[in-house]
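Chain IDs A, B and C follow the sequence of writing; residue 1 opens each chain.
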């Protein structure tokens, strides 16, 4: 048994310590909000007005993306299917305890940068550190910079991407630059992975629309995601065939590049950008993603010591940057002529501040409109830009520091030759010779 | 490299031309409807009344059917799993851009007739042509004949079936009649395919109920589909064992015949047919479908030159005919005694026309009841019959013409010996030796 | 052909007889309830108030669990994937006809006790008998003992577990105690099975919350399930590594033990137990489940003649007992101080009886509060305990008797050496050499 990668002590100790801490924190700090508190229900309460009914459908869809979608997608490696799918499971479950659902997506995206090179101990540590960094960054950006980011382009995709790149930079393994014999797919792993793609595709409209205002905003968000995904999908097929020497399709493109549109519409997903613009964004994001996989990722590995295992920089970084740019343009181009008074609801920081007579006028037209900061379009656009830089900076630094933590001893980090191999962390002898119940129990455990 | 099936130029050119056309069309013609237009929201608007909340759950379920359900189901062939699942993905994404969701289902059903014998170029052409034919047929039937077809039996299943048969008639390959060495399943492809069946089964009630009136109509539609599917499922098991020489079950039956009930309840799915009738319809449709696979499909291949690869005529044609007949009977038997005044809501063309005093009476009982054509039950039944014939005619002709287009040169059509083989269109060398990120990038793309 | 396991006559006969009986029963007894009856819709009816819209989302999620989740999960055995997934399909479809959805879950849980050792004929018989026993037990407990069991801990999990153990006790096969050569997993079957786990995980909040009151109760149910599942998941990883000689993870643990939290929160899932308590319950249930697999299941097989194939006693029995205990504690600790007047809504049997002036007071605060039995907390706790014993007793006896029925001749029961083998009941020759449509039709059926 390779003792430096044995999980027998490290993983349980880490998990139990985390769980005790979590349990104590939950006991002191986690209570029911108003929607979950029985005491606050009274004779005015309409049960069907509970926030559950607005949010649960979207929540459940995102759960499918996270556990099944990502799980299958990350199972593409021939000898690393268990690890891909199951470490995704572990990391997701831990992240979910530690933070809200979308923070979980952040950790799983970052995992893509280091897939195959880490132990579950390292992954739990990564989740433990990434989530507070994410939460603080998100809080700071939303509180001090104040931006529009309904699809989570900046706060989720860009954050996750650059955090992951920071981690993988520290965990650089020079010997892996010429590849690894087990870094391969099989027919079945490729099919499983593309099933993951399909799940992500189907539920992405829920992801992008989960945080918008209800009503027409959410409706547009679903529509734009749908359009953006379909245009990036078919463009991916075209580019894949076009740039393949044998004129064939490459499964890696179908698994990843097809999804680019979902990210690229994100920053403007609830805005009145027009369906054609969503279509165009899908094409643009897909193209950037495709050429990123082809040229940028190898460049980053060879020249910048950034081994981006799943190419997350293509699917979340490049697309995120395009998306943020599109969002900024949409903000600059937004007028009352196109939006009506809803302009001040979607771009809430542009609403007049408290006390401004224009606010009262608007509140006649949009009941419940909250006071804003009275920003102009240009000001809001500048703040969006500031948020992009701030997020990339915070996530990169956070990733580098987390990578250093993950690089400490006793993290069960695999040696170079043991990467991409389930056999390191999963008892495959047990799988092949026995299974549940009696036999595994009687013959094996009774030794 | 087989140049006549290389996708390197054909597929990108086709797709990019389509996308430019689509983008231009979107720019000029595709706008937000009232539910997506921010400008139309005012102080009377209740965001939760947005159509999104009524439709999105059903929409999302149908998406799962289309991408995951069909995707897995069509991955049954041992050496054609990539093609089945991924061409389904491409065709679905393209169709979705080109038309609404249900048109997409139409194309994917037709694909089942020609699975294994076509290139993705041919499939995109098929989608490009089938959807306008579908749209025009649907428009003409709904506008001029005016029928009840909540479950899409006539307009979706019958259309898709006969269109697909038209295509496959033109694409007849005499050498494939005695089979093909690669036209086989494997243990894993069979499991994947039956997973597709399970997804389709679970979400079929959403499909059948998505277009009904809300309320009790939709409730009945869910119920009937559920009952019809469960009776066709267990009947399928019985027939499969009964007619197998070794007294065993055949996976092909479990994958296909179990679903017959979903189609067979379709034309009467929102009517007061009684749960027992839905049960009986499931049994009937399943039986027809089973014997269709056994006798009719080989007959059609040998004698009529119609090679129905997945037996879509059994699952959509025969069942669609039984369903339409049941729908006609239900229409003939519908009385105010069973339905109450709702009769004129469900059978909307039977409602009294504008100006008729009976209409006003009924509108007291059913607020918002739209004026109809004052048809009798017999008249409506005759129109249903007319719609069946018209749809079959239009789809057959459309399919034949589309087949001729697909048969043109430069469509990358596989030779007979290259059918049922992923290797023709997918870079399997790339899959087997390298995967994402660094190695595929560094070692392969840097050649 | 092994005639004693041929399904050629037995299965069709059984199914057709069942279906005729079912059809007759449906014709006479199954009608539309108010929500499905067109006649009852009038000008006061709001279509969106139909119960469909409250229930269908949860219903659909549970369907995914039952068909896809269980289907994949039970496909873990290397040579028994078809049987696991497809017999799950058959049994589910039959159960669904025969009873409501949750009764279906009961049968599928019990199936886990005998997986690999039964024929589909025996499974249909088991479903045919288990469902009435379940229905009667549920009716009797709810009517005479009157308990809180929103998550179905007692009425679903405990029932299913002990019924299954009763069946497997009768079907004891001494030769299988030292294992079976085909009782093994493969890489692919393990991945498929853990996909099933992921589906069950994702939708378990829907399962646990489907039967609660709407509003804050359902909100808490979703929350507690989510928390309980995440804590049992990561604890499962920890224990799996800790107790493995090589310090590695065991897939069987990831597939089963991770889910323990979902059951363990069940009996108190809608109560104000605090998030920390849900967290702790997840850890407790997971720990009991893990050690159950390790020690209790082999003990039960060797000493008590109970061969629990999938270890359902660990995932549904032990956890169910802990859950029921927690529920009882929660009931004893419930005060108006924590719940407000909602106390009498959740613990409906504690509400004052008809005529009691306190009832009128409470009905001011909780409109529509139903009269109860005026029970004290202690009384309700005692009744819960009584329900646990009654359910375990009824299900055990029911299981034993059902096992005796299943043990009769002509049930196509596999011999010991034919267990765990798809080849017994599935035509694998047909799978390997031909598939749908033409070839299977032309070359094979035309013999």
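Convention: a contact is a pair of C-beta atoms (placed from the backbone, for glycine too) under 8 Å apart; a residue touches a chain by one contact, two chains touch by 3 or more.
Labels paired with UniProt names: A, B, C = Ammonium transporter AmtB-like domain-containing protein.
Worth saying up front: this structure is predicted, and the values here are computed from it rather than measured.
Annotation, chain B versus chain C: rotation angle of 120 degrees from the Cα superposition, expressed as a multiple of 5.
In summary, the pair chain A and chain C forms a contact in which the copies contribute largely different residue numbers, shared numbers making up under half of all those used. Centre-to-centre separation of chain A and chain C, using mean CA positions: 33 Å.
With touch defined as above, residues shared between interfaces to two or more other chains in chain A number as follows: 57, 188. Note for the complex: chain C touches chain A at residues 54, 57, 61, 76-77, 176-180, 183-188, 190-191, 194-195, 197-199, 201-203, 205-206, 213-220, 222-223, 226-227, 229-231, 233-235, 237-239, 241-242, 244-252, 254, 256, 258, 272, 274-276, 279-280, 283, 293-295, 297-298, 301-302, 307-311, 338-343, 346, 364-367. Residues 1, 3, 5-12, 14-16, 18-19, 22-23, 26-27, 30-32, 35-43, 45-52, 56-57, 60, 63-64, 67-68, 71-72, 75, 81-82, 85-86, 89-90, 93-94, 96-97, 120, 124, 188, 192, 424-428, 430-443, 445-446 of chain A touch chain C in their complex.
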